[in-house]
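Following are the structures in question.
After this come two complexes, each holding subunit A, first together with subunit B and then together with subunit C.
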Partner chain A sequence: MFSYCTDPASLEGLTWLSCYLTTGKHMSIYWSVGTVLLLLAITAPTALLFGFGGATAARAPFAPLRWLGKGYIAIVRGVPDIAFFLFFVIALDQFFEWIRHSVKCPDWDEPIRQGNDFVVCAEAKLPLGNAAQWVHETYGFFLAVLTFAIVFGAFAANVLFGAMKAVPRAQMETAEAYGMTPRQSFWRIMVPQMWVYALPGLSNLWMVLIKATPLLFLLGVEDIVYWARELGGSKTARFTDYPHGDWRMWYFFALLVFYLLFTKVSEVVLDRIMKRLTHGQATAGGEAQRKAA
Partner chain B sequence: MSGASPVAFGDSPRYFWPKEDRGHVVSCWETIADYGLRSIGIGERLLPRADYTLCQQVTLIGSGMIWNVYFGVLALMSGFFLATSAALGKASGNPFLRKPAEWFIFLFRGSPLFIQFFFAYFLFLSLKSVSPFFDVFTSAWLGALIVLFLNTAAYSAEIFHGALLSIPRGDLEAADAYGFSGWKKFRRITWPTMLRLAWPAYTNEAIFLFHATTLVYFSGFPAFQQRGDALYYANYFADKTFNPFVPYPILAGFFILLTLILIGGFGWVNKRLNRHLPQDARQKVKLKPNLMR
Partner chain C sequence: MKSILLSTALVAFGAGAALADGHSVVRMGTEGAYPPYNFINDNGEVDGFERELGDELCARAELTCEWVTNEWDSIIPNLVSGNYDTIIAGMSITDERKEQIDFTQNYTQPDPSAFLAMDGTMIDMGSAVIAAQTGTIQASYVAENGATLLEFATPDETIAAVRNGEADAVLADSAFLAPFAEESAELAIVGESVLIGGGVGMGIRKSDGELRDKFDAAIQSMKDDGSLNEMITKWEVGELF
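Moving on, here comes the complex of A and B:
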């Protein structure tokens, strides 16, 4: 990238390192940090939405819907999240292809599952066989986001379900006494109040979500783990201007430091938000703040 | 059909028979005898390559559970002691004890377990070239166990530290009044109370540690001769059959069973720890899915 980088073999020390760290391949790993942040930015609100849906369903008066919500919350407790990640990526892909298959090729009469193959007609393939590389990558990323949202939605549902239950009963009774319908009291009384109770759980979930982002690698996305393995592996002078031994250890050390910084910063920010939200609240935290002031 | 041709592997003659006959000959008991201990290298060496039966999938995934239990149990038992020391260190007034304990806990709780596995594996790989002593560390049974041991120790230390801080002051004052001090006070008063208060959270930690063991074979550590854990085999079948709807639910079933056993065992210990208390003051073990690496 720099002007003095034309002949890397002659460089030494820090100049060599500055050239080495700015090669085109290294730009990919910096971009993949952006992928991680993008994933977090999309997944967090989506998971919250899934969580809200799950928590609302788990409180529904209609029994089958309630079972569905409770089942959704309960299943992630017993089963490793990685299993869900590996499962949903294939399952969602096949599900989408199957839907497109049923819509686009109604005259197809062969079964979809033939032995060890999953066969849909060519028009139903996702992405289409002739699609550009970026379409494939975007589709893969989309599947990953959806998978994350489903798994973390269940965790968020658990937190929000608890928060909804934590809203004082008297508040809801007062709402009923004022003649509010269940829908009104839910949206006007319960939802605005539940966030204080949900925040500790949700901030914990955010930390968990950060720490789950390297699992993108398992979903087939070219993320930082992928690039750390690629770039860290030993390179001979035949294929690169920057030959080096096996440096994967150092690349993963850098990732370790990156995540430590990321979680630390999040912790500090979330603490501040919590302080601001508890200010003046009728909770133990708010009371402690009042006494300290 | 891809599986129609007889596949020749193993020297046992039944594998040479056509598929139709084989179905009658290989009973589920034989499959269990062949593959029940496959994950630790006993029994049939070659994995099934075609016509995957339900019995094979259940048997092999169950066989892989041996490794999950191995990692979980050993890491938990060894981690318990380090966790107690780290918790005491963090609560200590001496900065030479407190600072290392704090850093240890921050390092392992602040970074993803997945990255820790990768880093440790490549670290051991680099050390291997320095001394052959580190040869064994690159294999999963030891290397991954060390990472899991340190990881669970850090998470449990945080739990124990929280419990240490919430020991009722009266209990400690009473201990002083009875003339307890030093080791005796710790052994008879502080430690049992700490355990009692921490136990529900520690139960969750144990459950999530067992879930975390599924990451081992996806994070650099090689599965020697395809001897992997439950998720490794589930993933193998999902890849081969392109049907995630059979192996992953089987895996989920095994893990739900394991979780129930854990809750039972830890609940029994919890009862013992609380047995001196009046009925309504006892803490129940409640599963909260808010711990993940």
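Moving on, here comes the complex of A and C:
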């Protein structure tokens, strides 16, 4: 990167370090920090949406819809994450390809399953076999977001389901007494009030989600833990200009600091949200705020 | 009626055309953590013996190739579900793997596997704790021969396990272990090496016979004109053909 980096073997101390930390390979770990943050930024709201959908379905008056919601919560929460990530993503990918295959290649006469192989016609490949690498990576990232959202959505659904139940019955009865339809009382009374009950559970989920990102590598998305392991592993002089011993400890230490800072920031933000949500609520926290004011 | 016929013909033609260039880009799947076979270089690109070999094979077979990395654990499932088209990752040809995927002919000789241990250690297969990477031929060899097997996801961790005393020795390809023995005063190749596996080949889906034939022919042509031997010498990955 810097002009003096042409012969790293002759460098020492900070100059060596500055060259070492700016190799193309290190750029990849900096990129992956961005990837992880972006993943969290997209996944969190998506998972919340899935959770809201799941919770609403689980308490729907229409029985099949209720079974669907409850089934989703029970099944996804019960399956180990790692099994879900290994099995589900490949299945999801094959499902998409199978749909595209049925639409685009109706004349295909070979079986789709040939022994172990999953074979669809070339146009049905997702992304297309000749697409650029970044398309493949974006697609992998999209699958990752979807999988994370489904998994964490199930947990969020359970939290929200509980939160909806925790809203005092008196509040709902008052809404009914005012002549609100079930839909109105749901959106105007229950939903605004449930968040205060949901937040502790949701903030837990958020913390778990932050730390679940190493699962990304199972999906072929290279995350920070993968790069820390790869960069920190001992390197012999034959294959790199920057040979070093086993430095994984230092890389993992950097990760530790990163994750701790991240969770700290999250805590501060979540605390603020909690304060705002408690305002004017019929809870102990809301009561304390009222007395202090 | 005419338009139906025409559109059917068009669809058929379209499918045919797509089949012909079904592999307009061949995606080469590798691990990127097993020097000298494959590793990520300082620029963050796939490098090593297999990178050079793969690029040459693609040039000879007139294919456009692209490199992707995948974790070793899930390297076969991702091949059969079509996320890439070949495995070129120092994968030895074994009967077990042949049940799932096809292999091209081998492009390295069966590489002697060696034990790397702290200098002066004696390895007794009956009682030793041997580290090996999960899912490798070396791991099955250790398990079959009575030693206690300690499995790790990456090759690098196996070396670390010996350094910190968790395992008595690592069993892996000699070509991978040799640089570690050379550079570290405390580590050495100990005992006799063992011959396992049938050489390294490219893994290809069973349904992809055409692609396998192309790579087979390219490997044969490199064996015939001696260019494969040159690469093997350059990267020190075992015996010549």
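Miscellaneous remarks
Following the convention adopted for this analysis, the second predicted complex is superposed on the first by the 274 of 293 C-alpha atoms of A that agree within 3 Å, B and C clash if a C-alpha of one lies under 4 Å from a C-alpha of the other, contacts with A are read in each partner's own complex, and residues count from 1 in each chain.
We adopt the following convention: a contact is a pair of C-beta atoms (placed from the backbone, for glycine too) under 8 Å apart; a residue touches a chain by one contact, two chains touch by 3 or more.
Not measured: the values here are computed from a predicted model.
Placing subunit B and subunit C on a common subunit A by superposition gives a clash between them. When the shared chain is aligned, no partner comes close enough to touch A:Thr43: not subunit B, not subunit C. Legend: residue contacts after superposition of the two complexes on their common chain; A:Ser185 is shown touching neither subunit B nor subunit C.
Applying the stated contact rule after C-alpha superposition, one finds that A:Leu218 touches each of subunit B and subunit C. Applying the stated contact rule after C-alpha superposition, one finds that A:Gln133 touches subunit C and leaves subunit B untouched. When both complexes are overlaid on chain A, the residue A:Asp246 reaches subunit B and subunit C alike. Once the two complexes are laid over each other on the shared chain, residue contacts for A:Ser32 go to neither subunit B nor subunit C.
Once chain A of one complex is fitted onto chain A of the other, the partner contacts of A:Thr278 are absent, as it touches neither subunit B nor subunit C.
After overlaying the two complexes on the shared chain, residue contacts for A:Thr147 are found with neither subunit B nor subunit C. In the superposed pair of complexes, A:Val120 makes contact with subunit C only, with no contact to subunit B. In the superposition on the C-alpha atoms of chain A, the part of subunit A touched by subunit B in one complex and by subunit C in the other spans residues 86, 90, 94, 114-118, 217-218, 229, 246, 248. Considering their complex, residues 1-3, 50, 52, 106-107, 110-116, 118-119, 122-123, 125-126, 207, 210-212, 214-215, 218, 231, 234-235, 238, 240-245, 248, 251-252, 255-256, 259-260, 287-293 of subunit B touch subunit A. Residues of subunit A touching subunit B in their complex: 75-83, 86-87, 90-91, 94, 113-118, 154-155, 158-159, 201, 204-205, 208, 210-215, 217-218, 225, 228-229, 232, 246, 248-249, 252-253, 255-256, 259-260, 263-264. Remark: subunit A residues 23-25, 27-28, 86, 90, 93-94, 97, 105-108, 114-123, 125, 129-131, 133, 136, 217-218, 220, 222, 229-230, 233-234, 236-243, 246, 248 touch subunit C in the complex.
The touching residues of subunit C, counted against subunit A in their complex, run 8, 11-12, 14-15, 18-19, 21-25, 27, 32-33, 35-36, 39-45, 47-48, 64, 66, 68-71, 74, 77-78, 80-83, 85, 100-101, 154, 156, 159-160, 163, 179-180, 182-183, 205-208.
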